[in-house]
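Two complexes are shown next, each including chain A; its partner changes from chain B in the first to chain C in the second.
Let's turn to the complex of A and B:
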C-alpha cells in the first residue's frame, strides 16, 4: 500500500492578534502544522506499521517553515517528503492547491490512499480532499472520525449534522480526517534526530504543469458583531444579576 | 444569471431564494426528498427531485453534476455544513471552478461577484471578488429566508441507481426539541466539571421550553454528548442563546452569531464571549444556575 498525506502550514488562530483598527496581524502570527493534518499523518503511519504501507507527505508553499513541517512528518514516521514550492501560497485558490497535489500524486503514485486533514485551522474549508478526489477520479470519504482497514476494505465512520454515516470502500480513495480520528503520537528524540538527516524533495508548480490561480482579497478585517453588551457582576450582587436574567428570559422570547 | 442550489431544509431553501433576489437570478434547486418538493416548487423556478439513495457524497455529487450539466449555472450554492462543503469541493473540482466556503454576504457587479467570507476560524471577514462561474458554501442563517412564492416546475430524476459506495446511516435521536428548531438554546462549555453537572443545563432548557447542547471539547473529547454547536457541529439561529461556562472562541461563535439575543454566564470578566453577548453575568455558574432555576420554577 502506498499513502500520500498532504499537510499544510496553518496560522495558529488562537494566537492571532489585531491592530486597534481591527486588522489582523497575519505576518507575525505563529504558524504550525494543522491539528487534523497530524491526525492524517498518524493514520498513515499506523497503516505503515500494521500493513507495511509506504508513506509520503507533501506540502505546497515555500520557506523554512515548510521544511520544518515536512521534518515534523518524518519525525512521526513518514518515509518520503515533497515541497511544491510556491511563493505566497496563502492566497492560492483551493482548486489550484488541489490540482498541484493531484498532479504530484499522479507523478509519484499511484497511491492507494490519499489522507489529509478535513479542515485546517485558518481556512477550514473542508474542500481540498474532495477537490483532490475529483481531480484524480477516485471516491472521497470526508470528515472521518474513525478509520479502519481490514481485508482490503476501508471502513470509515463520520459524524455529521443529521447522524452517523458508516462507509465501506476499497482503495484507491481519498479520506479526510477530523481531530477526533486519533491521538497523534509525540515524536521521540531519536525520530527527531533521524528526521533532520532525511532528504526533502522539491518541485515547482511549473514542473507539475499547473497554472496558479489566486484569490483577490479586497479587504480583511476583524469580524465584530454589534451586541448590547449589558453585563452584570454576580460578585457584586448575585440576587440582582439573577433578577435581571429572569427579566430578560421572560421578555425576549 | 442562473443559480443552482442543493439543500435539505425548507429554511435553507428560502434563504437561497433571498440570495437569488439579491443577485437578481433564476433559481434552480436540486433536492433529495419528495417530502420537500411541495414547498420547493414554490421557492424554486425549477426543482429537480431525486429519491431513494442514502447520502453518500460521491453519489449525490454525480446527481447534482447531472443537473448542473442541464442548467449550466453561473453560481452554485451549498450550505456550509460538512456535507455541503464536501459536495461543493467535488463539484468545483470537477468543473475546475473557484470554491469559497463560509460565505455570509454576496453582491453582484456584472460578471463578478463580491463575496464576504469568514476566515481564521470566524475571527475575520474577508471580501473577495471572483469571476463567474463560482461555487459557494453559505453559512446557514446569514441570509433572512424569503417568503416570496413562485409557481415553479418540477422534474423527478429517475434512474438514480444505488449508492456508489457501501453506506449505513444512523439518524441522530434527539432528547426533546432538535437544536436547530428550538427558540431557546442553552449550551454548556468547559466551565462544567463533570457530566452529571449538565443535568442543570438540561433542566434549564426544559423549563424554558428549549434545547441544550455543548461546545466541542465536551462532546468530542469528553463524550458527554453526541453533538455540539460550532463550525464543525450544528449551526443554530434561536431567539435566545445562553452560553454557560463557554469562553467564546471563534469556531464556536461562528455558529451562534445569528441568534437574536446572546446571554453569557462566565466567571472570567475578560472572556471573549462577553464582547459578543447582549447580556452577561460575571460569576460562578455553580452559584448562578441553581438560583436562576429556583426563580424560574416559581414563575
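Let's turn to the complex of A and C:
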C-alpha cells in the first residue's frame, strides 16, 4: 500500500497575538502543520504500522518553514517527503494547489490512498480534497472521523448532522479527516534527530507541468454577529416578557 | 557568539510543550493535591523519551544533550509549576549520565534502559541527617568482603522512595559511602549503584520511610536505613575512594536541570502575573498594570528570571562541551562556577516572582482556590537548598573569586 499525505503550513492559531483593536498579528504568528493534516499523517503512519504501507508527504511552498513541516512529518513516521517549490505561495488558491498535488500523485504514484485534513486552520474552505479527487478521477470520502483497512477495502465513518455514515470503498481513494479522527503522536527527540538526516525532495510546478494560475481575492469579509438588542422589561409583566421571548426565539429557528 | 537554540532544540521544546499540554497540564493540580505522579504518566514520559535524554542510545538513552534535558525540565515545570514532575524528570536525566560515565558496561546495560523507559527510578542518595551540605562528613560505611560491599548507614531527604516501590521494575540511587579511614575526609568516599528494588523485588537490608512535605508533593521524599546491605563490587561507580568527585560532577549536571526547572515554574508565575495585572481593575477601573509600582516590579522580576535563564543555558552549553562533545578545551571542574551561579540565581528569582504574584493576587492567593502557592512551595525547596544549599553555591563562587584560603566551608 502506498499513501500520499498532502500537508499545509498554517498559522498556529493557539499562539496568535492580537492588536488592541482586535486585529490578529498574522505576520509574526508562528506556523505549523494544520491540526487535521496532522491527524491525516497519524492515520497514514498507523496504516504503515499495521499494513506495511509506504508513506509520502508533500507540501506546496518554499522556504525553511516548509522544510520544517516535512521534517515534522518525518518525525511522526512518514517515509518520504516532497516540497513543490512555489514562490508567492500565499497567492495560490486551492484549485492550483489541487492541480499540483494531483500531478505529483500521478508522477510519484500510483497511490492507494491520498489522505489529508478536511479543512485547514486558516481558510477552512474544505475544497482541496475534492479538487484532488476530481483531478485524479477517484472517489472521495470527506470529513472522516474513523478509518480502517481490511481485506483490500477501506472503511470510513463520517458523523453528519442526520446520522453516521459508514462507507466501504476499494482503493484508490481520497480521504479527508477531521480532528476527531485520532490523537496525533508527538514526535520524540529520537525521531526529531532522525528526521534531520532524511532527504527532502524538491520539485517545481514546471517539473509537474503545471501553469500557475493566480486567482486574486477581491474581498474577504469577516462574519459579524448582528445582535437585535430587543429588550422587554420583565419587571412590568414577567409572564408577557417570557411569552414574547419564546415567540421570538421559536420564530428565529 | 550565538544566543539561538538549534533547530533540533526548538523542535524538541515544541514537542515537550505539546506533550505537557496534553498529559501534564490537565493533571498538575491533582498531582500536587494527591501527592503523586500517576504511574501511567511516568510510563508515557518514558515512551516519549523524556528520561535519560543525554544518555547514549547504546544504553537505551535518547542520545541528546544536557541542554535538551534542561529544555525538558523547564517546559515540564512550566506545565506543572509545583515542579514535582520536572524534578522526577531531571533526576532520571542527570544521574543516569553519571552511571553511563563511570559504571561497568554490563551494569550500564542492566540499569539504564529501564530508567530511560520509565520502568525504574534512578536518583541520588547523598544527604544524611547531620546535614546534606557536609558531604565529606557522611557516616554511611561500605566495607568490602570478598567481592561484596557491606553497607550500613542512613540517608535522608531522598527523592523517589515511594516511586521505587511502586514502579514495575523498581530502581535505585547513586549512593556515596565511606570506604576507608575517616580522617581522609572526602578522599575516602566511594560511589555505588545502590539498586534497592529490581524486577519488582525489594532487596534485603533496605528500610525506607516516606516524609510528608509541604511542596512539590507529587514526587515522594523520604529516607532509608541500610542494614548490612550487600552491593556486588561490579555495581561500584568508578574507582574506589573517588566517589566525592563523581558526586560533584553529578551535582553539577543536576543543578543545571534544577535551575531550568525553577525557571520553568517562574515563567509560569510571570505569565499568571501578566494576565492578572492586565485584567484586575480597581480604583475606578484602572488595571493593576497601569500602576508603575506594579509594572516596574514586573520588569525587574522578568530581568532577574532572564538573567538566571541565560546563566542556566550557558552552564548547560558548557556541560555539553564537556560531557557530550568531549571538547578537550574544557575540564569537569570548569563547570563549578557557571553551575553555582545558575543554581544560586534561578530558584531565588522564581521565589521573588511567586511572592510578588501572590501579593498582586491579594487575599485570593491565600486560598487553596488559587494555585500559586503550589508553585511557591515547590520551588522554595530549591531556595532552601535542595540539590545544593544556596550558601554552598556562594562558597563555591567566593572560593574562585577570592581564593580558597579566605573561604572556609
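We adopt the following convention: the second predicted complex is superposed on the first by the 203 of 253 C-alpha atoms of A that agree within 3 Å, B and C clash if a C-alpha of one lies under 4 Å from a C-alpha of the other, contacts with A are read in each partner's own complex, and residues count from 1 in each chain.
By definition in this document, a residue touches a chain if its C-beta (ideal position, glycine included) is under 8 Å from a C-beta of that chain, and two chains touch if they have at least 3 such contacts.
Note that the coordinates shown come from a computational prediction; the quantities given were computed from them, not determined experimentally.
By the touch criterion defined above, A:75 lies against chain C but remains apart from chain B after alignment on the C-alpha atoms of chain A.
With both structures placed on the common chain, the touch criterion links A:223 to chain B but leaves chain C unconnected.
In the superposition on chain A, A:188 makes contact with chain C only, not with chain B.
With both complexes superposed, B is the one of chain B and chain C in contact with more chain A residues. By the touch criterion defined above, A:126 reaches chain B but does not reach chain C.
Applying the stated contact rule after C-alpha superposition, one finds that A:107 touches neither chain B nor chain C. In the superposition on chain A, contact is made by A:238 with chain B only, not with chain C. Of the two partner chains placed by the overlay, neither chain B nor chain C lies in contact with A:51.
Per the touch definition, chain C reaches chain A in the complex via residues 7-8, 11-12, 15, 18-19, 22, 48-49, 53, 57, 62-64, 68.
Considering their complex, residues 11, 13-14, 16, 24, 93-95, 98-99, 118-119, 121-135, 139-143, 158-169, 178-180, 213, 215-223, 225, 227-235, 238-239, 241-246, 248-250, 252-253 of chain A touch chain B. Here chain A touches chain C in the complex through residues 68, 71-72, 75, 183, 186-190, 192-193, 196, going by the rule given at the top. On chain B, the positions that touch chain A within their shared complex are 8, 54-58, 61, 81-83, 85-94, 96-99, 101-102, 114, 118-130, 137, 164-172, 183-184, 208, 220, 226-227, 231-234, 239-240, 249-251, 257, 260-263, 269, 274-284, 287-288, 291-292, 295-296, 299.
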